[in-house]
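Scrolling down, you'll hit the structures one after another.
You will see chain A twice below: alongside chain B first, and alongside chain C after that.
Let's look at the complex of A and B:
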């Protein structure tokens, strides 16, 4: 669409037609490159395979008894999302700027009449599109398998899961881009991304467990510590959207339900939104001061 | 004693004199003041001070002879009634008895009363006086096909043996749970039949000290205890559907109780159980569907004696937060031929301990476990390895329930993996099923209705189409730029 306005000699028009169109042009390019990348294809396949496996196995368990609508499948899918989506988003984001810088592409891009903010936002938008494609494809295929297996899950559940997975992906993408803006080398950026993934998926939770056992953390602290982790915020929101309650999460979940009632989804949303916006802003600010090579 | 005698004598004398003279001089003191006002003369009042049998139905009752069938025409009757002779009181059409938010509404004080087909609504809300829609204080009552709306207590049987409570719809007042009354209550009422009733939004349906009671085909939802037995022996509960209560069935200090073919779903109070047993003895729990509760079955000090092992068999226990919860000292149960399907935690020993005093198999047949990891090479339907529950994370949960907040995270699997991999921190098995079944036991109680497969398929296609849209649009962009000879 905006491509039609481009002069034939260049990706980016010499006379900048406006910020939005610049961002969109950059986003399209980023999206196309991402969908072509081999690593991205691998992530998509892994997500698809794991999701399909969980759907098939769990639906076979309850399906044979004619039980349905109690959402054990969803728990399995949440687990897969928590494992794969952050890894995918973090590494994708981490290689976004650092990769271009290493290849000299950044120098080329910034020679065009685009601002650095536009570059960051364009990349973010394009990569978001790629992640959305991957998530919707994976969960869409899972829905089809579940429907084929006997429909042990409600469509509403899958739609919620997909939307919230996208939010989780955006937050991790944002963190990844912050890493990318900071790092000199693409390999360092991706390595840091993987490390952050380990930290968010395993280390913080294990730390919270140890803390709860050793320090006898009260439920309130436990809840807020957990809420500050975007993965856990996603998980709690997903459970809440399916059951209208997180009482399945034991005393701390009951505490949260009794204390915050209807504000809970807003709290989960705030946590995720903060993880989307703050790292992205930081990435843009840092990118402004960094050399393009 | 001796010292008191001088005071006693004059006092006693004064009393005797007073008793003799009193009646004689009372009329002279003012006859009019002692008499009640004209409109209240001869009125009978209940404990809340509400006038009894003053309205149309009351007059019908007063006029009837024992053994009569009294038919009440359709209409709204704002009155409180007491049936004090053996009558059949039957609604002809839509007869509403409205208690106008005060007192009890129907009181049955004679034996052999039938009360059928009425709509009884709006009792008082005085918990101390236990305002009830229908209170029965005599034997052989039949309470049938009534609708009780907006009531504190529903049907209250007090020393009312041999009653039949059938086909009533009992709906409580929309009050905070602490201010509600019991939808159904039996107090020292033996040999009662309770069937085909629906109770919703009440506190409990409770049996106190009532023996030989049958409870069948009832429905209870959004109450505190679906059915609660206190010191009630020889009770049969079958084919009831108890959903969205705090607790489905709670048995306390009772014995010889049979719970069969019930559906206990989504009972999720803060300490919610499908079935809870406290110091209950000689119980049989068979063929129930127990799903999506906070805990499927909760056992505390049950069985209480060694007279008969607790029989928990042929139940499907599915998708509960915890399938079976035991307090550590529980022993003497035989748990066999059940399906344990996808409970988040299949078996929990609250606190710490082992379940060595309970058998998870009978006659060489165990239970079906969805988390059984073994195989069945000789295809006899029984797994070739015993099923042991060794899960480090569950042990942590049993010790520190707060950690449930981290359920479903990958960290949970990491801990399970470490627990399996490193023998030093491998926990003792919680229990041991020597002969796990590899196929589920056929479900005796029907399950819920599956959501539409079509809509799920459409949802899947919709999601996938978003993905293809993104992909196609990126290709389209690549195409336009290439056509224009752009190098990007």
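Let's look at the complex of A and C:
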């Protein structure tokens, strides 16, 4: 017999808060906590320092070479983003649920009138805010340095790079939260996050190269394998945006330009969107069945 | 307020709660009593919808498994030890949980005063003592004035003084029409706060008894024979019943079964209520029974 079929006198009116309200409350709490965390500060400083270094060197080296100089700077920044942002997002996401579970905080939180989906979405939203703040700070400071050094800056390109970096950060945050939902201990979750970062940044490229040589993969498969790595999807999209070409990526890039020219941005976008949505959905489903202790 | 039917919870091959059924009416208090591993915490976590389980649990008529969020909005929960963001200030924690509990306005001073930690709003949680943390957890639990309090061995991490103070505070709160479900392995707490006791052993319910029988079953208790003027006896009986004792009238006074560690509690309660006691004596349960028979 459901509550709805019970005599009305037996059902006590309950005033649980709405889903959006709970998500925003939890997100705000998460954002505040993340921005105060020492690890987050260190990541932000590292991102800032590397980004400023690249900007300064590029600007100093190119003088007033104009757009090509800025393009070179942007390419340098893409590599910095590829290194720092996934590591930051993966480890942040990985400790989000597992850390709270280990400290016993999840138990107390879930004993309140909140659903598990609200907790996952609240954490995701809050941590996304913190990552966006970090990326905006890093790339914003780089733009200022470039402007100060007299190098050509193109705010639109910088904004676009920041937007793509945010998408990459969200995809890695989503993967990190999936790891966190699966892991029992925060240390295991963060360790797995670092391992995944290594795999996505270094091992996947080498694996695809080795697989292509060993299995004689057709160039089409090579392109789709590359596209399936969110870091590569980000890189291709960013380079495509600067140069309207991804020829620098070799045969796969040439093939993609020839075959999918106009639809390429959609393909990159779909890849990154899938990496944001699918791991987050999986994290929510797994978290629903997991004990909070 | 709570209805549990055939609750079974297993962790792999280990059965933490086996076919538990119980009900708790509005304003009633029930203790889950047993040693460590008896299944008390498991039952509480199932009531909160934190663990999946077999059977059905309804809180305020709402199925915990299907409508957990609404069911939990009727519950104020106090854990064994408050574990939350230590860097939060007390007022921030109260505000956060007030939002999660859909409480529009909170009078912070009154909230903290109510649980005996006035002027602590600006402190960070990590700066609070164990007893203060438990009082903060209780303040959070009471936000929105929920009709049911669920307590999981709330005094386990406290010293003797902290324990006595918290139990006295809970005693005052439970007498306000609120239902109370709590886990404890301390007989003094059970006799102070509960009206009924579900005795658990290795995940199984071995008995559900009124607190007076619980004391008798423990076997370690005594019976306090209070000699009192006749007019004050009914008032004294009502007062002691309100505090979980099971007094009965006896020719020249009242017989109150008390556990070994609670012999003076009825005397203190009566003194606080300004009810005079002419004399008293401690009897064994057997002697008390004989005394009752003689007067009958």
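Methods note: the second predicted complex is superposed on the first by the 264 of 293 C-alpha atoms of A that agree within 3 Å, B and C clash if a C-alpha of one lies under 4 Å from a C-alpha of the other, contacts with A are read in each partner's own complex, and residues count from 1 in each chain.
Please note the rule applied: contacts are C-beta pairs under 8 Å (C-beta built on N, C-alpha and C of every residue); 3 or more make two chains touch, one makes a residue touch a chain.
Keep in mind it's a predicted model, so treat the numbers as computed, not measured.
Colleague: What is the contact status of A:83 with respect to chain B (first) and chain C (second): first, second, both, or neither?
Modeller: Once the two structures are laid over each other on A, A:83 reaches chain B alone.
Colleague: In the overlaid three-chain picture, which partner chain does A:21 touch, first (chain B) or second (chain C), both, or neither?
Modeller: It touches chain C, and chain B stays clear.
Colleague: Of the partners chain B and chain C, which touch A:49 in the superposed model: first, second, both, neither?
Modeller: neither
Colleague: Scan A:29 for contacts with chain B and chain C and give back first, second, both or neither.
Modeller: In the superposed model, A:29 contacts both chain B and chain C.
Colleague: Give one of first, second, both or neither to describe whether A:114 is in contact with chain B, with chain C, with both, or with none.
Modeller: Only chain C; A:114 stays clear of chain B.
Colleague: State whether A:129 touches chain B only (first), chain C only (second), both chains, or neither.
Modeller: A:129 sits against chain B, while chain C stays out of touch.
Colleague: Can you tell me whether chain B or chain C touches more residues on chain A?
Modeller: B
Colleague: Just checking: does A:188 make contact with chain B only, chain C only, both, or neither of them? Give me first, second, both or neither.
Modeller: neither
Colleague: Using the superposition on A, tell me which residues of chain A are in contact with chain B and, in the other complex, with chain C.
Modeller: 3, 6, 10-11, 29.
Colleague: Considering only the defined contacts, which chain A positions touch chain B in the complex?
Modeller: Per the stated touch rule, the residues are 3-4, 6, 8, 10-11, 28-29, 31-32, 35, 58, 61-62, 64-72, 75, 78-79, 82-83, 129-130, 132-134, 136-137, 139-144, 146-148, 150-155, 158-159, 162, 201-202, 205-206, 208-209, 212-213, 217, 219, 222-223, 226, 231-232, 235, 239, 245, 247-254.
Colleague: Inside the complex, what are the residues of chain C that reach chain A?
Modeller: 1, 45, 48-52, 58, 60-63, 66-75, 77, 79, 81-85, 87, 96-97, 99-102, 137, 144, 147
Colleague: Going by the contact rule at the top, pick out the chain A residues touching chain C in the complex.
Modeller: 2-3, 6, 10-12, 14-17, 21-22, 25-26, 29, 33, 36, 103-105, 107-115, 289, 291-293
Colleague: Chain A touches which residues of chain B in the complex?
Modeller: It is residues 268, 270, 291-292, 294, 316, 318-319, 321, 339, 341-342, 344, 370, 396-397, 399-411, 413-415, 440, 443, 446-468, 470-471, 474-475, 477-478, 480-481, 484-488 of chain B that touch chain A.
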